[in-house]
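Since the structure comes first, as structure tokens, the remarks are kept for the end.
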């Protein structure tokens, strides 16, 4: 491609960061020194253009090394990958974790989202800024949910360099957060993932049995606790047999949409077009959700094994694990687990000596809630802006790189292990008729023991909150996160099943259960939700791009108003919300009004 | 003899539009079907030379069995589909979309939008005087065309025309996110430092006048732009031998703008810098 | 540092006739009556020593009338146009092989082909909208190969770019041919049925091994081999070229060498498989089709064919000279020896567009009489005795032009010409009337219908149909149907009689550029176009292109370092013919020993003072693409920005 590059040149650091990812340039046309051979023969074309999917890893490489992405660095990356700089600029500016303007090497992301806001994030933020003062060498950025709700308020420090360093402070105090930012290496070790699982070590857990029990770095430990028996079983069953088991188990997607997993696998497996891809959606960004993080940190091999099974069943030889950029520990655990599995022949050309080739590549997100939408995620992996695609065509037919793709959430995949080890009938016997198996819930907010809970489908909201030790003065519970809905404190008998929540006019979503007592001002909470959607709208379609702004403006106007003073704006909100729900391209816009609507209608937020 | 692979026959499928039977070739969109049936559905981001982006959502219709409204411009017609174009639900979304746009973007040069605002009884003012607007100043950084992003509805058509669908220059992209997203060149530089080759194929597809010839921009500013006094004549470009068809827009015997027919087999509506802007020599009349 | 004015000389429209009694005098304004009378007198007294420069930029109708003027009014076949400076070798080569001088494919076909070879063509700059069709093809999965000394924007899109030495196209083509034969990839059935001369060709290319070709062209053998295999194995392949092939002293041979490859593989005469020379001017195809060339009558009909002559003689009520006229190059030579004394030059600017422009100017000055008809007072017009203000063919008149894919399209009048400027056809007819021929053409369509009546290939193209189909490609013999988009499908016919004349392989030898590089002139200068400018810049200088930076001598970074020059520094550029000063630009697309210039800014830097007038003996096109130069630092460094 005849790309245009300006005069900006990369620094040695930036060049080294890109070369570390891509290897040294092969010709002067890619950025090496000019040689006689280059001036006689140049390769380009299809092969050169086919490396676009390395754009996001390349941006990460630069950002990790220097903390921001300069013109020269972006141009160099573009030259290496044959990507137009304007498009790469569009991609770089899409993600919240990247900056195309100079900033300090250390960025402290302070979560100001729902659980953290309720736990004092605003005061924490201003305290940190005051303590650091100007010229501290640390940029403080207010962040959407960091997925550390059980330890709210939370902060994540990232210091660029070689290697990049990170430190988590949660629950954060001003002192601890500042320490994490100024000396990430000497910040105290994060507590083990098991601390987020109050049930850890209990018998009978199907999804969390190893969290807190095994050493998450040890493949041997994983095997000693039942690991890789499911994969053996899968090879015995054959791909069709695995799909039958999963179908018969009644497993439905745990990401929020509850689509039957077996049907999705079957539809992908039967596509004549090849190759097939498996994508694991680990871009857990719904405010209040942290179960996937706990699974990946506490039992990473389970996900590797489950992905291997899914790849085998659907005929995919390549699996992408799209991981939230804000989850450094998950990244390390999974990188290690994948390398170990590869070394032991559990990934690679000949998995378990069964002749099936399968491998996993991790792709890191960079701060975009929308990339949790399955097709936005494809675009993100492919090196484009993470904007959702219109459906149809559906991913099972045209997904990643335009090929048949099965995309599952982490929790969904991990469910496949017990399905294969216990058999579909036994699995299907758990839960209710239409919601089978166990379910993870992320409980946070006004409870004594926040964390991830595993319960069979069918338990009520009250059961769960009792288990978590709900505090007095419960005002409302948010189910399903920002895209979910509020229920009242007197609705605790709602069964936590797909059908039960639907009948109650609310949603299970991704399993968020956030409790709020009467000290939390509801209009402020709704405003935070609206801000979240405004910030996270990709901007592609008008109803969502402008609608989320108008929603936030209206909620801002009525933050101190009630009754007739608020009625006009509430009517406006309803009209805009209805159009967002009806006419937005993807789930983000379609659900951006859900929580607010439920707060108005169910909680009487402005009465 | 090799047989040309053109004109491979397409199957015909049947659907109903507002209760009436309709027959369209397979591969047609709902919008194609609606237009064939004489339905006037508003569109903004749809372009006759571009793949549907369905970003503006002003063309939404109801399809039986669909949870949400569907964009007519991109959704393919299917056998047995029941489409309703004028329901209260569809009209509501169109109205809101028009209000959202009109309250944030300068639509003064968008064809037909005034008519639609009226038809759908849209009241953009109801979001109040403090409703956020784009608030962009026109970017005048070269003598050929102006980018007035206060008029930009972010339809992506310019990006698609500049990118892999036609020009393959990739000078522009959407940068930023959400309401802050803007069309930008790399590093947000002036056009003159960018990859832009001034083909003007972005202007050709811009539905709102955000992109315009400098001549049009200046004449509008001076109040002399008057389309009722303009003639449009299609001729052939005077430069290389490719033979691009140019439509010359002439006011008072001056060429004020150049376009190209979108259905032309040579250009498909696209031109290069010489064809688009290289006309001045004929009117250097001393 | 001095500030340099980036805007080139702007030309203002001519609004009234200009005359002068002697070349030493300035022009004075004249009435049309006086100017036409003077022009008629000047031409009349030089009957028998007359040449017509018709215009590849004007309409088909104008070209038809102009050649008719030469043949009927002046009784000569000395009519030509600037297609001589660009694509005459393509026409000559294609005619020799297939009997017809047009590109064999259509733009749309390249979107549906498998392999595209762009040879000596920077279409991304020179033919941008054609290149959009190429890009569609690439997006549809076609693989593109670029053969060009420079790694141009076009080449940057290629799977593989082959950076050959200037003027080594024949060795490259022959080596590809040899490799195809030796790899068993030749289409033997097609060769046997549709071609002649294969055995001779096989013997011709046999010495051109990949390793010899690597030595001569400078391109690695592996790259040549890959291209050979890709081209030969493709189900459909398109071979496109531009002036990098034709503007050589052996341009026609170059074209033949490329055509050979299509004959070897059967990549011609099928949908998606063919040969596509990209024409440089809006109507360079049509000018030739209309007979504004010395060897053909309208409709590409050979003057030497008695039946053809008879047809035209009866249609025009005249006698047509039974021999070829002089081409543009030969007319210039005839000026030198005094056998050509009067020229009617319409819309051309040979004083700046000819190679070795100083020589061209000297020859034009030696004419007894020069009448120039143009929209501007060009450098050529400044040499004239009479200057007639005309209309801009594309915006101020009605008519048709014919593009590179042989598509005849309507041009229409959109603006009124300035002052007293008049349409070319009207002016020619008024002159003809003064010289005893009373032609009545009510409008362009009348001219067109006369052409249709004498040209079978155009017969089916009424104005009405041209409008309806947005142009029609020739041949179009019938008013009720359209022919396939590609030519020479006959070559694939089973029956020999339907197959017609087999296509001969061209037996052409490598002949390196005439202007050799040596110690004194160590740098190879090649020329080309930029995206935003055009030819001598008379048209393109009129608009304010943000891309324009004026004329530079472009060097590779290594040469700039070797000569100790920097971007913007003025240097002396000298060839064996002339010398200019130009600022330096550094372009990584070049390699050591290879420099690049354009002819877009002749009023700033007269590049053609450097180029060599070594002409293709068959087509008469000069070797613009290969001069030998040296560059020298100026005594006092001047840097322009």
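Order of writing sets the chain letters: A, B and C. Residues in each chain are counted from 1.
Heads up, the rule we're going with is that contacts are C-beta pairs under 8 Å (C-beta built on N, C-alpha and C of every residue); 3 or more make two chains touch, one makes a residue touch a chain.
Keep in mind it's a predicted model, so treat the numbers as computed, not measured.
Chemist: Please find which chain has its CA centre nearest to the centre of all protein CA atoms in view.
Modeler: Chain B is the most central one.
Chemist: Please indicate which chain is farthest from subunit C, where distance is taken between mean Cα coordinates of the chains.
Modeler: A
Chemist: Can you give the whole-Å distance between the Cα centres of subunit A and subunit C?
Modeler: Their C-alpha centroids are separated by 60 Å.
Chemist: Could you put a whole-Å number on the gap between the CA centroids of subunit A and subunit B?
Modeler: It comes to 35 Å between the two C-alpha centres.
Chemist: Enumerate the residues of subunit A that touch no fewer than two other chains.
Modeler: Subunit A, residues with two or more chain partners: 1, 3.
Chemist: Residues of subunit B touching 2+ other chains?
Modeler: Residues 168 of subunit B touch two or more partner chains.
Chemist: Which residues, counting only subunit C, touch subunit A once they are in their complex?
Modeler: Where subunit C meets subunit A, its residues are 124, 138, 143-144, 151, 153-163, 218-220, 222-223, 556-558, 588, 591-592.
Chemist: Which residues of subunit B touch subunit A in their complex?
Modeler: 54-58, 60, 68-69, 71, 74-76, 89, 92-93, 95-97, 100-101, 103-104, 126-128, 130-132, 153-154, 156, 163, 168, 170-181, 184-189, 193-195
Chemist: Which of the residues in subunit A end up touching subunit B in this complex?
Modeler: 1, 3-4, 6, 8, 71, 74-75, 84-91, 93-94, 96, 100, 368, 385, 390, 392, 534-543, 545-550, 553, 557, 572, 575-576, 578-579, 581-585, 590
Chemist: For a test of understanding, state which residues of subunit C touch subunit B in their complex under the given definition.
Modeler: On the subunit C side, the touching residues are 10-13, 15, 57, 107-108, 112, 126-130, 132, 135, 139, 270-273, 278-285, 375-376, 392-396, 401-405, 407, 409-416, 418-419, 470-471, 484-485, 489, 492-493, 531-534, 538-547.
Chemist: Under the touch definition given earlier, write down the residues of subunit B that touch subunit C in their complex.
Modeler: Listed in rising order, the residues of subunit B that touch subunit C are 1-5, 142-144, 164, 166-168, 191-192, 196-199, 231, 233-246, 248, 250, 253-255, 261, 263-268, 270-275, 277-286.
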